[in-house]
Amino acid sequence: MSTSMAELVKRDVVLANRILARENVIDDFGHVSLRNPENPHRYFLARSRSPELVTLDDVMEFTLEGEPIDQRGRPMYSERAIHGCIFMARPEINAVSHFHARSVLPFTVCDEPLKPLFHMASVIGERVPVWDSQPEFGDTDMLVNTLPMGHSLAKAMGSGLAVLIRGHGAVVAGESIRNMVMSSVYLKENAELVLQARALGKPLYYLTPGEVEKTGAMLRSQLASDRAWDYYVARSGFRGM
Amino acid sequence: MSTSMAELVKRDVVLANRILARENVIDDFGHVSLRNPENPHRYFLARSRSPELVTLDDVMEFTLEGEPIDQRGRPMYSERAIHGCIFMARPEINAVSHFHARSVLPFTVCDEPLKPLFHMASVIGERVPVWDSQPEFGDTDMLVNTLPMGHSLAKAMGSGLAVLIRGHGAVVAGESIRNMVMSSVYLKENAELVLQARALGKPLYYLTPGEVEKTGAMLRSQLASDRAWDYYVARSGFRGM
Amino acid sequence: MSTSMAELVKRDVVLANRILARENVIDDFGHVSLRNPENPHRYFLARSRSPELVTLDDVMEFTLEGEPIDQRGRPMYSERAIHGCIFMARPEINAVSHFHARSVLPFTVCDEPLKPLFHMASVIGERVPVWDSQPEFGDTDMLVNTLPMGHSLAKAMGSGLAVLIRGHGAVVAGESIRNMVMSSVYLKENAELVLQARALGKPLYYLTPGEVEKTGAMLRSQLASDRAWDYYVARSGFRGM
Amino acid sequence: MSTSMAELVKRDVVLANRILARENVIDDFGHVSLRNPENPHRYFLARSRSPELVTLDDVMEFTLEGEPIDQRGRPMYSERAIHGCIFMARPEINAVSHFHARSVLPFTVCDEPLKPLFHMASVIGERVPVWDSQPEFGDTDMLVNTLPMGHSLAKAMGSGLAVLIRGHGAVVAGESIRNMVMSSVYLKENAELVLQARALGKPLYYLTPGEVEKTGAMLRSQLASDRAWDYYVARSGFRGM
């Protein structure tokens, strides 16, 4: 992989971190990864640092098993298994985010599935599954910090683009950085919307399966994708290094 | 139409975009149009771009059928039919906004009409109708992107100044840019208020029809209209090009 | 009255406007007045302008009946009767605010009195009355824009420091600008708190009458009053003219 | 104690004040203390001033009984007993915060215990007790401003790290400034989360005791603690004096 291309992908890792921090999807904890486009068995992820503060020098390369290629003493996120295990299970996925946006958490501790209530949320799929560490792993420190946990989580995600974690947060995957960012934002937004709507009672009309499919495809098109991306980039204030 | 007047109207399109973004009415998607004051069969609308980022060069002119006068390769919003069909049906309307403010969405998916609960919201009219694409058009990508859909939406709006779209958002119309902006802001604010009020139970006292009429007229007066406009313009930070 | 003292009081009018805008108590509409300390039959109030934008040149002097002393063509708020009628009825009151903070509105349209739920809110008194223009004045444009309406509102306020207006907003009075500002902020904050608390059900413990009295007195003391005031002034960003 | 070390601890007091203001945990009232590391019978606390405005010159030293070492005319917080009494009762505690974050207040006036609903909140312990001044002290000005009140509050906190005060706020303790800050932030965040979750009904799954213990220990580790701290410091904008 040429140095310049590696730099471009690392730059995108920084950009995705900054965007998700700016859009209030991610806070002090949480992380974002991009698969190495020249070596699908590796991915890029920041060293242990809050997304809002990540810079180019913080971006490290890892094997899918979570081993650093060139650690140089940098501390590492302990939940690398989230990223590696999804990249292993899903060859078409090239970007993964993990975050604790508060609005998604109620859907992990109450008996109510998270489904798209407005068109923009069609990018999260018909229904977002919830993974719980308890049944399989018992009392833990609640981090997805082993490969067995990562595999179990990836299995729960199935062929979808998002999965929630009980009492913890969410994981979102995308074919591209743009899709992953947009789905991360609208997963959070849709959860907020459903909570807000409950002031009027249970919503009567979620999107139909046909609407989810058609609207999701439309939002992943070049026209919609570019509009959202330009907006996110401009608001992030990120101007390269 | 003289160049200078066209420039002034285009500048207003940019201003309205920036104001509605600043006031959190509009976000990455959504758009704002103004009818051409010298040719009522045409209107101005930005190219496909998030309202917060729109600049003068982005403003394009369209026929009411949505055909660009001078496209110059610029990508276009696919929901132009919203604007054109309302301008066709309502000669007195000169400004239209479309947005996805979250607070209005619950009123499109629950069985609760949106009505003015405080005096400032009298500008939205007695009761805001909801349009749903399903009964007439079935499973779609949920965009109002054909003339038949636009006509159906305009019909649902009737002689009012606002209409909601199920699982999608809202459309607001005004005789002037000032009225349209104020109604857009207070449609969102009133929806938030009703949701908030529900913490105490169903509101007992909405505005009476007489209050809606008298207060709406007062708020469209020069004195009230100027005060709101100066506030919005100052907060938008927009200083021309 | 010496010019310099008039200037100081006018400056305080600007400051109070800016503070209440900064603390999200007041928005595009709403206003703040201070009684003339050298002539209790007159008060100062801005010309018709949003509080966030008010400057020294906007501050006008009025008789208690709402007549301008030196209008110089400046447009005037139409609700001057709120201020004048409270100053007439309450000689000990020297500062009045009127605003539409959303959180207080549910308490004007639902059957739930607004009472202090936490100690800081003791400054609003044991229970805030609600005034409704309908029974006495019928369908109006909902503004308190005549002396009879102002007198009726002042009567509803009684000897208290705050009154709510059905479907409209709130009025807060204080012996000093500091008391009025603090009570305005905590009226809004307490309303937000009660609405938020309702997620857990009806609150079981409001402040007792004895607590309201003792805590209110403590918060109007020099020590507490100074701390809040310095905070508000610093955050307002207002540095004189 | 060397001057330079005293200066470092005082600087940390300022930093903790600024961080908790920036993270919206603390507002115009509330305060933060650090025990003197060279004399455990004394602690540092700002003079009577809003946390957002505290500077190095405002930091005073006190005996555990709340007597100032070198007052120099500076006004003092009247609730010093909160800090002194916890430092007396808990030798392992070196940092204490007191604040009125709105989201914790509902848990002091409704019949619902505050417990960690997501992993980050494990730092507040299994269940946060509520202290009420009424049963023991009757109608007061609701301040914890005497040693008997402070002792009673410290007793209610027991061996935990947080205690709520009915109709008033919260107190959080930590072995270090870092732990105290993180627990203060996540106490507030968890309270917000529980309130939000109630839109879907009563949460079914709080953290288990085993999860609280293991996750709490993990979050107090160097790796997690450093990440949060760097984030808070960067966001505070505080760059020394």
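As written, the chains take the letters A, B, C and D, and residue 1 is the first residue of each chain.
Just so we're on the same page, a residue touches a chain if its C-beta (ideal position, glycine included) is under 8 Å from a C-beta of that chain, and two chains touch if they have at least 3 such contacts.
In this text, all values refer to a predicted model and were calculated from it rather than measured experimentally.
A.B. asks: Under the touch criterion given at the top, what is the topological distance in steps from chain B to chain C?
C.D. replies: Step count on the best path from chain B to chain C: 1.
A.B. asks: For the copies chain A and chain B, give the interface type as same if over half of its residue numbers appear on both sides, and as different if under half do.
C.D. replies: Both copies, chain A as well as chain B, present different residues to each other, with under half of the numbers appearing on both sides.
A.B. asks: What rotation angle superposes the Cα atoms of chain A onto chain D, in degrees to the nearest 5?
C.D. replies: 90
A.B. asks: Return the distance between the CA-based centres of chain A and chain B, expressed in whole Å.
C.D. replies: The mean C-alpha positions of chain A and chain B differ by 33 Å.
A.B. asks: Please compute the C-alpha centroid of chain A, do the same for chain C, then give the distance between them in whole Å.
C.D. replies: 46
A.B. asks: Of all the residues in chain A, which ones touch at least 2 other chains?
C.D. replies: Expected reply: 196, 199.
A.B. asks: Which pairs of chains touch one another in this structure?
C.D. replies: Touch list across chains, by label: A-B, A-D, B-C, C-D.
A.B. asks: Note which residues of chain C are touching chain B in the complex, please.
C.D. replies: Chain C reaches chain B through residues 27-29, 48-50, 52-53, 75, 78, 100, 102-103, 105-112, 132, 134, 138-143, 166-169, 195-196, 198-199.
A.B. asks: Can you list the chain D residues touching chain A in their complex?
C.D. replies: 117-120, 122, 189, 192-193, 196-197, 199-208, 210-211, 214-215, 217-218, 223-224, 226-228, 230-232, 234-235
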